[in-house]
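Below are structures written as structure tokens.
Each of the two complexes below includes chain A, the first together with chain B, the second together with chain C.
Here is the complex of A and B:
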């Protein structure tokens, strides 16, 4: 490629000064690319190495975890013993089940409630639309800490305290704003012409929605559901405040943190990290789309 | 927030969009707006500290004053009144059983009415022990009416339908539990107030006519909890640390996020791999990340291992202890930067994608250095994105919690959210927990308004 370029340029009779500048810029660009690679690799290492450390600790035996100096895989024995020790500890399996149940209820509730709002925002122009979008964004930013305490007091009064279903109600409120925003960007990515065309060919608006829009948005809805799952799976504060016996996994780990041994902590950390990392990796495109829409 | 011009919309004005947003709107009212108001209410209002004193022994009668909890009062009189079934398990109740009776008077007509159990001697019961027949006891007190009053309703404040002589035989058709009301007199603001209160709120002292107000039934506005929060020994350290963390972490995150975005914007081969790696931390649990950095900074952790391998130290250094507060802070800062920079990066990258490539190329063509391009072209164009990211990150930074718990245990280095948790979870004080939560809310709002104002004025200057 480069050879070709230099072969062709002399025919245009370029002044030597211009050529010099051109070459200089080429060199600069190369240098910059190299620098960008270097910076990118350094940042990548900064992100990956801590995960590598915790994976090494989780995927070995508890004896190795307690030893010093610390090693990393593959220089230390690979084993599922630490993870098994963690999963066998009191309240962990139950916590995982609770976490999954809470997250699933949250997904269903938030999708049902958020999908119509997402559709309205992306398809209609109506008075108060921008206000609604703004307040959704504001709510997204509001402190969980502030909501948990009064909700705990109310849940105690209503007799639904320490219940994973009431925790799911709270988590739905937490993920609802993000669901609305993700879903509205999903709807916005499907041209309204498609719906219109279907209606021209004799579909009712409901049919057009059923046969044109729904198949197209399913991946986006799945992405929003996955994101809701991750948010609920990670949430610690509200879960710790609103439950005592029926703890979710992070709440259980937090409650036992002060007197739990290192292998338990490290395996717990790894166990909480992995689903979130995988899921977010799958849906990152939608998150970029969402923020692109919001900040427009 | 402009509309996307290439997405056609149903332009006609109708009610459909409102119907569609209604569910989310209602949900957010119930689970956001309302709890937020409740948090404020819990902060400045103390429930059940005042006892309403009624003019008459009835719930509906007017209130003539309030007694504070703990006040000593004198019992002047008592009366039994209807109590709703749901209140029967209230603590501290003094109750009385009343019978509905039927009796024939001299003229042969049947009278029905209510009177207290103590006025009767049971003569006959059914197989379940329910009384069926009884005789009226005599009233032995001097100069009193020797007859027993029968009331039209099970309440001493209702109309008297008859007076029965002692030893009259009556049929018992029903019975009911009534609550005693006391007529009490107590001092309030230097004045003596005499009125009626329910027995459940009083603790009566035996063998005397004295009683104490045990609990109240109405709340009171108070600054007490806010004052107590400011005097709490953990408040100022928590506030200082939260602010310090916010002020240190956020600039680092923004610089790092912009560098990440520039690397991705450089259109390198494999830039999608970089993007994938940079967004790993986007959805990780903060508790898990706290533990990851605990694994690095703990005594027998990775940092000491690396330093020892490099020959820089000969024995492990203790980082996470009460004597090395600064190291705990550093670990928390690193964990927060590691965890939350990706969110800023996503916002910045999505913002950069909407900047036209031509502008950037033009700037490069005119010989602008990287720093000049960032400062004069990219940052101004990214302003809306940065504003959103700044608000979001600040509010999230003000509620940092799990990372602090996982790394430092939450005592040596404490933050506002940790104190909310302590007040609620360890000390079981709803009001102080709500006060802390409200405080976080207030500083979050102040910071958001500050960012919005700061950016808008700059736009006006430019415009």
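Here is the complex of A and C:
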């Protein structure tokens, strides 16, 4: 249907001055875009270079790590020796197991608590809804220190101190604000009309939830679960205060850090980094989505 | 048989009365349109019938069952939603089959009915597709197919065409009308588009502020509006309204617009008599006035303000005393702004409205 307009549109004569301004503006635009890229690259390098350095150190022999000056990966021998040395150190394997268990319990608990809360916030208008939303965030306003020390006292009194399950409770409390807000935005993105349609077409409210809402929120729930996992995996302060024998990986690494050799430190940091990087990479789409929703 | 009986239904949201004591009897296989401006309660009424919000007062019967307190799934209805409410994680096939599956219809019948519904809406070649990759018009078709695959005797439609672009809407309007005549379901159709209502409905219920203003066939609603609101809401342009003075003159009633005398119809005479020496509102549709170039004995001289050629007609904006009215003329009528023309008001086309209540007066049949 596209018509050939060339014979109808009169050719516009452009004065050379106008053309010059035009060119100048184009150049400015290019310059500005180039600058934005430059800033982006600098920031990325700022973050990536240390990570790359840590990865290089972790994936080489302990001898290279101890030597000076240190190189980076393609130029130094590749080896799993450093990592093996780290994993063989006292308390590390146990720390990893503890970390995973704590993170899994945190995921389960936070999802069970946050999903109904998120549903309520997104679906029902009730008195004090905004206050509730705000107060959820307020939990995050307290430093972990302020929360951990009284909790340690309470845990000792209850006899559940130095226990990975009580630590999981603490981590659940820490991730709940984010989980609730993420899940409420996930629920909010599913129109209630879909549930109504399901009910008109023969579903009970529970069936409508089961057949329509659950399949639709699963990716969001997964994202929030992974987020909880990363938060719990990386959390070190509460873990250090609330456990002594049953340390999680970061708490164990932190406790032994002052007296450990360089290869141990590098391998430890590398080991801590990996899950976070992998998971954040996997869920980045949902993260952007979530921030977009919350700032609305 | 599935007639729908609505008796004194009231629905409130807090203190706001969305549906105010509405009663309606929709006959078996009838196409009833609920028409009104946004916020008038038409969708609320439809949702109450669907069971997506219980009535606070009154009774709703579908067929011979009282469904007032039944959940939607037990009302034997199907529905097309305004935003289609297509399940995004299911293929078109599964969407259409959803209601049948939930009602435990066996696989063979389901497949047959899905195919039938898809064919009726010309989407049989996209059954495997996911709705995410479909256009608005195609989703609309899926929503309608899903509703008709249920083969329920009652079909509820909530502004099904309002999200389509103008051209597609025109096309779907005719198609829906054909389809609904074919499936013979009792249909309640909500819309704010008066043209949709006039062109599709067997009857139209015009609703404002939760109250049914008039419920009748499209031609009567258009030609004999029950009140000021119906006249001004239906029709494009809306009905013209002018003030007149009533004079009862030894038995015969005359109405004056300024100095211009109009003799009302015979049947109207007794109804207008009580308005002696009072003012009354005259309503007349743009196409029912005769506009002529030259003076005539029973024609009123008026000034043309604007001329809008619309192809099939010229729409004139005219000043009559302090009123601005619209008159439709033949496209060859060569009026110019500022010109004076003469208008005739055929007395059988004039509707008479009480000035205070806005209610139109009609002789008993």
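In this section, the second predicted complex is superposed on the first by the 277 of 296 C-alpha atoms of A that agree within 3 Å, B and C clash if a C-alpha of one lies under 4 Å from a C-alpha of the other, contacts with A are read in each partner's own complex, and residues count from 1 in each chain.
Please note the rule applied: a contact is a pair of C-beta atoms (placed from the backbone, for glycine too) under 8 Å apart; a residue touches a chain by one contact, two chains touch by 3 or more.
Note that this is a predicted model, so its numbers are computed, not measured.
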| item | value |
| --- | --- |
| Chain A residues touched - chain C or chain B, whichever exceeds | B |
| Contacts of A:216 with chain B and chain C, given as first, second, both or neither | second |
| Chain B versus chain C as contact partner of A:194, first or second or both or neither | second |
| Partner chain in contact with A:240 - chain B first, chain C second, else both or neither | first |
| Which of chain B and chain C A:104 touches, first, second, both or neither | neither |
| Partner chain(s) touched by A:160 [first = chain B, second = chain C, both, neither] | neither |
| Which superposed partner A:113 touches (first chain B, second chain C, both, neither) | first |
| Partner chain in contact with A:53 - chain B first, chain C second, else both or neither | first |
| Contacts of A:202 with chain B and chain C, given as first, second, both or neither | second |
| Partner chain(s) touched by A:36 [first = chain B, second = chain C, both, neither] | first |
| Overlapping contact positions on chain A, where the chain C interface meets the chain B interface | 191, 193, 196 |
| Partner chain A, residues of chain C touching it in the complex | 50-52, 71-73, 77-79, 81-83, 85, 87-89, 98-99, 102-103, 146, 150 |
| Chain A - residues contacting chain B, complex | 32-33, 36-37, 39-40, 43-44, 46-48, 50-51, 53-54, 57, 66-71, 112-114, 116-117, 119-126, 129-130, 132-154, 169-170, 172-173, 176-177, 180, 188, 191-193, 196, 227, 230-231, 233-234, 236-237, 240-241, 250, 253-254, 257-258, 262, 265-266, 268-270, 272-273, 276-277, 279-281, 284, 287-289, 291-296 |
| Touching residues on chain B, where the partner in the complex is chain A | 1-4, 7-11, 13, 16-21, 23-25, 27-28, 30-32, 35-36, 38-39, 41-42, 256, 259-260, 262-263, 266, 268, 271, 274-296, 298, 300-302, 304-305, 308-309, 316, 338, 346-347, 349-351, 353-354, 370, 384-385, 388, 391-392, 395-396, 398-399, 401-402, 405-406, 409, 416-417, 420-421, 424-425, 430, 433-434, 436-438, 440-441, 444, 448 |
| Residue ranges of chain A touching chain C (in the complex, touch as defined) | 191, 193-194, 196-204, 207, 212, 215-216 |
